[in-house]
Each structure stands twice: as C-alpha cells, then as structure tokens.
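Have a look at the structure that comes next, please.
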Amino acid sequence: MLEQLKQDVLQANLDLVRHGLVPLTWGNVSGIDRSSGWIVIKPSGVAYGALTPGDMVVVDLQGKTVEGSLRPSSDTPAHLCLYNACPLIGGIAHTHSPYATMFAQSCREIPCLGTTHADQFHGPVPLARFLSEEEVQDDYEANMGRVIVERFRGLDWQSIPGVLLAGHAPFTWGTSAADAVLHAVALERIAHMAFGTLRLNPEAPELPRYILAKHHRRKHGPDAYYGQKKS
Amino acid sequence: MLEQLKQDVLQANLDLVRHGLVPLTWGNVSGIDRSSGWIVIKPSGVAYGALTPGDMVVVDLQGKTVEGSLRPSSDTPAHLCLYNACPLIGGIAHTHSPYATMFAQSCREIPCLGTTHADQFHGPVPLARFLSEEEVQDDYEANMGRVIVERFRGLDWQSIPGVLLAGHAPFTWGTSAADAVLHAVALERIAHMAFGTLRLNPEAPELPRYILAKHHRRKHGPDAYYGQKKS
Amino acid sequence: MLEQLKQDVLQANLDLVRHGLVPLTWGNVSGIDRSSGWIVIKPSGVAYGALTPGDMVVVDLQGKTVEGSLRPSSDTPAHLCLYNACPLIGGIAHTHSPYATMFAQSCREIPCLGTTHADQFHGPVPLARFLSEEEVQDDYEANMGRVIVERFRGLDWQSIPGVLLAGHAPFTWGTSAADAVLHAVALERIAHMAFGTLRLNPEAPELPRYILAKHHRRKHGPDAYYGQKKS
Amino acid sequence: MLEQLKQDVLQANLDLVRHGLVPLTWGNVSGIDRSSGWIVIKPSGVAYGALTPGDMVVVDLQGKTVEGSLRPSSDTPAHLCLYNACPLIGGIAHTHSPYATMFAQSCREIPCLGTTHADQFHGPVPLARFLSEEEVQDDYEANMGRVIVERFRGLDWQSIPGVLLAGHAPFTWGTSAADAVLHAVALERIAHMAFGTLRLNPEAPELPRYILAKHHRRKHGPDAYYGQKKS
C-alpha cells in the first residue's frame, strides 16, 4: 500500500544525499497520505545506498507502525507532531546540513538578507528554544516537535517552511516530501550566504520589507508568476 | 527558428549547473540574435534535467513572446533592459552564486585585489542600488535592469562584464550566452578569493593600476596575446 | 591470510577518498584481528587508485611485518600504541581532514556545541599535546601514540572515539576499520560546524549536559534506540 | 618528439582540473627534458577537455617555439626563468587555486602551522614582491619569474617547492610535471588549513622547529622513510 508515496519518500531521502546535505546515515524525510492519515518515513540508521521502497516504514499519526519490518527514524515523533499541528504539511525533511546547523548551534535566527531568502522564507528563519531537562528525559523526540509548534504560534507554516532547533539542526517542510527537500536545499544555501554576508558586513541591512513582500508574492499565492501555470 | 541559438542557450544554462553555480531551478541565461532582435531565454521554474532546446522561449526586445509554449524566466524584463542598453551584449547570465551574492547582500563592491580579477573585470565589480518601493511595485524586473543601466553610466559594459544588485545577486554578460556564463564562473571565483583575502587582511591593497591595465590589455583589445589567434 | 580483513581495510582506506577526507596518498586506516593480534594497514605512500588487497601489510602488535612486500604506513607505530592501550579498539583512521586539522593546528579542543557532536563524541574532542624534542627525535611515531594515551587517562576510548594531535591532525578509532572511518567523517563535519558556529557566535553555549547525555544514550549502550536492532 | 613528456604534461594539466584547482582555461603546467633543454607546455587559452598531446607546445630555454602550431601559455617566460635558475626543476605548475591565491592577494606568507605543511615545505611558503611599473610594462611574464628568483636567493628550491606572487597566485615546481601538480594540490590544502587556523586562533603557534625538521627528513633526503624504496 502507498507504493507511490514510498517511492516518493525514498527518492526524497536519496535527494538529500545527492544535494550534499547529509553524509553516512544522517537525515530523514517523510511524507503523509492525508486521506488515510498514514506517514511514510525512512528507517533508522540504514545506509542510503541500500534503501529500497519496501524498507520505508508506514506509521499512523499516533506513531504506531502500520507496515514495515524496520524501526522508523528515531526522529519520527517530531515529524508526527508537525503533521498533527499543521494539516497543510505534506512532507518533512530533517538534516544536519552544515551552515543551517551553524546558525542553530549559534542560537541565532537567520535574518532575511536578500531575495534568495525572500523567495523561500517570508521573514527570518525562526529559532526554537533548547528543550528543558524534563522535556529531554521524557518523550524527547515528541518534545522537539512541541517546541517547534510553540515557536510557530502566530507564524504561518506555509510562508515560513522551516525552523532551526537550538543546539540541534534544521527541520523543513512542504506540500510533499520533495517540496520539503527543496526547502532544505534552499535553506542551506541561504544559511551559507547569510553566514558570509555577516562576515563581510556585520551590519548588513535586512532586505527592505517591500522587496521581501514582492518576492514572496511573485512565487506564492494567487498572483504568483514564477514558474509555469499548473494545469 | 534560431535552432543553433536555442542549443547554445540551453547548453549555457546547463553549464551553470555543471559549474556548481545554481541548484534546483535557480538561475537563467539568455542569448540574442542581433539581426532579428530576438532573444532566446530559459523558461521559468523548469528543472534543468528536463530542459530541451524546444523548451527555450523566444521573445522580442519588447518582451513579446515570439515562439514557445512556456513562460519565459520571470527575470526576462531585466535581460531585455540590458540588451536594449548595450548593443554589444550577446548573452546574459543571472545566478545566485554564493560568494558573489554575499557581496551583493553586504552592499559592497568587489575590489580588485589580484590578477584573477584583472583578467576579467577592469576595476571593481560595481554594485547597483536597492530599488525603491515604487520601482518594486510597478514593473519590478524591468526596473532591476534600469538600476543596472543607471549604475553603468560612465562605465564600459565590455571591460566590466558584470554587476551586483544590492540585496539580490549578480548579473553577468558577454559576447554570447557561453561568454556570459564564463564571466559568471569567473565572478564567483573572484568573489570567493576577495572574501578570503579580506578575512586574512582587511587592509589588503588593491592591485596596482599598472598591473590591472596590463592584465586587461593582455586578454582584451588589439594587442591581446592571451589565447589563440582568432582565424 | 586475513583476506576478509584486508578487503575491509582496503575498502576503509578507499572510503577516506570517497568522503573527500584525503587527497593524494595522505591518510591511513588499519584494522586488527584480535584473535591473532595481527594488524592490517595501508602501505606507505602508494596511490589509492592502485591499491589492491594484496598490497595491505600485516604487522604484529610489536610492529614486526608478518606478511607483505611493501613498507607499512610510516604512522604504524602510533596505531600499534593505541591498539595496545585499548583492547576494545578494532580499527584506526588517520587523516589530515581540513577542519579537524585547523583545530589541531590552533591547539583548541572541539567543544560540544550541538547534537551532531553529541551523537558521536560524549564531550569535547580532546587535544593531545605537542611532542617534546626528545620525543620527536627518538621513536617519533610511537611517541605520537603515547601522548594520545597520556591524554586519554581518565577518559573513555569508546565514548570519545577520536583525538586531535597538536600541530598535526586527528586520529579516530572504532570497533572496526569501517567504524573508524565513520568517526573520521563525523569528526570533520563536527569540526566544520564548530568552526562556523564560533565565527557566528564566539560565545556560543556548549550543549546542555542533559542533552549531551541523552544523545549519547540514544545511540550507544544498553538502551540505545537509534538504528536497527543487531541480530 | 618528446612524446612521453607531452603525454605526461597533458596528464599533469588535466590533473589540475581533476583536483579542482582550476576552472575554465585557467592554469598551466610544463615539464622539461633536460638532455635537450626543451620544454613542453600547455597552449594558451584552450579548453582542457579539448587538449591532445599534439596540442602541447615545445619551446627551448630561450622561449623559441621548437614544435607546435598553437601559442604556448602566456606565462611561458616565467616558467623558463625558473628552469634556467634551478637545474633541478623538472616541472612547473601555475594555478589560481582559491586559498593559496587569498594569501598571495593578502601579501602574507603562509606560516608553517602544522605537519601537513612540514611534509611538503620546509618553512613558510614565501611571498615574492609586486612587480614595479617598469617590470610590468616591459617583459612582464619573464619579470614574474625574475622576482621569484630574487625571492629565492638564499632559499633551497627543493625543500621549498613553491611561492606566492603578490597580488597574483602561486607557482609550484618539482622533479616532474606530476610532482609540480602534487605540490600545487598540497599547497592549496595547506593554505586552506592555515586560513582556518588563523581564524580560530590568530596567535596560533608555528610548528616547533624540531618537528618541522623531523617531518622534512622523514620524507626527503638520505634517511627518508616515508613511501616505498625507489628501486
């Protein structure tokens, strides 16, 4: 069941490697079938080169394994928390890509310093706080998701499709697993360029708000004119 | 029609990927046939791996689509503005390559710190200003081109084949689409090396003007002796 | 003899190249067969592309060549010292990977700034001191091993599977040659991210100890739940 | 004639690309046949992918073309100057590799901060001065060679197989074209690691002289024990 979604989720995981975002067995991508409420996710700690669609694990929104003989990614509860919080999310990617992780470890949001950023994130990439000792000891991975949800109160999940978890790394999401990976690729580029911009000019100006708004509208929403018309 | 130019423009777009300057669907290259005044440009938001010569869009110098079923790059009006401003331009490339974009986001020109730079750009790589709110809201992409043209008053388009747009990214140009990509590759290398040079020595000296002039003459103009004689 | 181990050690050496950790003939990996006490190691200064399993050199724990017509890596005495010091070590990797080496040359330990680090190293990556003039002049490579052993007094070789040698570069180890390479890959990523984190925020906080402990337990020890159950 | 040397010089030039040291048509490598005094060098400004052994140009030590229909590299007079100055040089490589060039543009020597450096260069990588206006205007490329020769008065060409030319880029040399490329690869790694080391610790200590001497003796000279015995 969910054969197409398994293929898509497998491909999205392999794309993390192809884009240079993850070495070894790091990182994970999932996708959801909203009609059944079932999620397809990468198994934990298996080499990318060995993955087949049949290795993908199917879990429900409460985290119960529905299909699959392997353990799902240890980060699965964090994914579930985000799927439950925002019904528009169709896929989620988690990497420890270098530059985005540097910002997460530095406990700094990524300011919007240019149109590359504005094309993808409608404002700074937010930082979710460190978990408390209690949150770490009990239900750790679900609590990762909860501090992200907490951080997104008042924010729009669609126009800001990613977050940095303090001392950890980024999560990104989108309408599908592939879209979540696309945002992971873009986030790493944006983080790299913000890193270098701040070295060249610690007082680099944030992009004027009218340009931020323009670039967002150009790609997203009813008046978007970037890309081809969806048929 | 313009089959050779479509092939050349397609190849130039694929070269952006091959040289690592663009991920995803970012970036665009165009080329012009000066006899007809028609421009061939990449369609908007199509994956590089899927592009064929027939996907290239043909527009005239006023931006009217002459041939092609896909939407041209959303940056097309900026390209047109440059083609109209300088009749010697045969091709234009636009990327968000990391180091050049860091300078654009930092609102700093790239000073000429060495002969690598002097071989390609006869002086600093200029910075065009932020667009005003009015310029963004009405005819945005054409106004990108206009602020570049404004910045080049008194400059020579041939000896300085590129520019940084503040808060955005670089544009480069040349005698053909391939030549514009060559300048995009060189600009990214130059920006990377200037970035590192300024870290090692914030007071690094600009290249003496007589070396700048020598390197320019060596590659360009009537006494050039770099490369092979054109037959 | 030890044909499988030779294959494994050869593959581990080639993986150093595949992961971009070593150019030219730099770097070396060894593995030990604890039942015989024999070690398989890369020959000195041979191009990676030309290596065959039969080129691997077999030495005993005192450094005597047991099999092989080529000279073993010049760093062999350092490997032997670590195998003798900790019976749990099954493989050792030595690279001059750029970011880990920057910390070694800077005479700085790598602080634990995030969960990527905590997943692999249970605390800072330690720095072993410069060798004295006497230690360099007599039995140099064995003394490299000895200063590492000296530095690990009171530390756990399993939970901290690597070290930086001041002014030199990293050594990593693991349960096998492949595991040692895995730690070399992780260490280079960790070093890169620590480097950038300290640029963004020289006062970046160390990861809270309860998160460090959690990530270590999650991957290692009796309650580990990362990866698949070993059958 | 010199068919083997042409093959070797072609391969050495292609290795510059393979090691990521040069894009486009940048860089050049030459090799000399000391018995005839003839030098084989890359032609100027030809794409690497198109080069054949027959494209290599043969010149004598005075720069007269002996064989070949293409123009030799515009940097040929600099190569000749070095071959004339040191009869032990068998090959020369010139790149604009990023990190070495950053030091050249910064007008800083590369201090010896670790054993990676000591394995290749017995002391800091020297910096040759800017050329004067007269030296640039008349016989420019030969004068590049002359300021390098001037800088090497009192230095040993064999134990320091490379130099940075202020505001320009590195030259390296060796016993053959392949050996010169090997030093170009090592120099770029060394420069990268020195760059990062100085960011982490601007007061990073130079490698103690007794370790520098040890690493040099270990690889070079009568008591060398790195690599395999030459038969």
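Per-chain residue numbering starts at 1, and chain names A, B, C and D are given in the order in which the chains are listed.
One rule holds for everything that comes next: a contact is a pair of C-beta atoms (placed from the backbone, for glycine too) under 8 Å apart; a residue touches a chain by one contact, two chains touch by 3 or more.
Note that this is a predicted model, so its numbers are computed, not measured.
Q: Please report the minimal path length, in steps, between chain B and chain D on the chain touch graph.
A: Minimal hop count between chain B and chain D: 1.
Q: Farthest chain from chain A, going by mean C-alpha coordinates, please.
A: The most remote chain is D.
Q: Give me the C-alpha superposition rotation for chain A onto chain C, in degrees, nearest 5.
A: 90
Q: Taking shared residue numbers divided by all residue numbers at the interface, is the value for chain A and chain B over half (same) or under half (different)?
A: Because under half of the interface numbers appear in both copies, chain B and chain A meet with different residues.
Q: Which integer distance in Å separates the CA centroid of chain C from that of chain D?
A: Here chain C and chain D have centroids separated by 32 Å.
Q: At what distance in angstrom does the C-alpha mean of chain C lie from that of chain B?
A: That pair's centroid distance is 45 Å.
Q: Find every residue in chain B that makes contact with two or more other chains and list them.
A: 199
Q: Classify the chain contact graph as line, ring, star, complete or other.
A: Shape = ring; chains linked end to end, path closes on itself.
Q: Which chains are in touch, pair by pair?
A: A-B, A-C, B-D, C-D
Q: Which residues of chain C touch chain D in their complex?
A: My answer: residues 23-26, 43-46, 70-71, 74, 96, 98-99, 101-108, 130-131, 133, 136-137, 140, 167-169, 195, 198-199.
Q: For chain A, which residues count as touching chain B in their complex?
A: 19, 113-116, 182, 185-186, 189, 192-194, 196-197, 199-201, 204-205, 207-208, 210-211, 214, 218, 225-229
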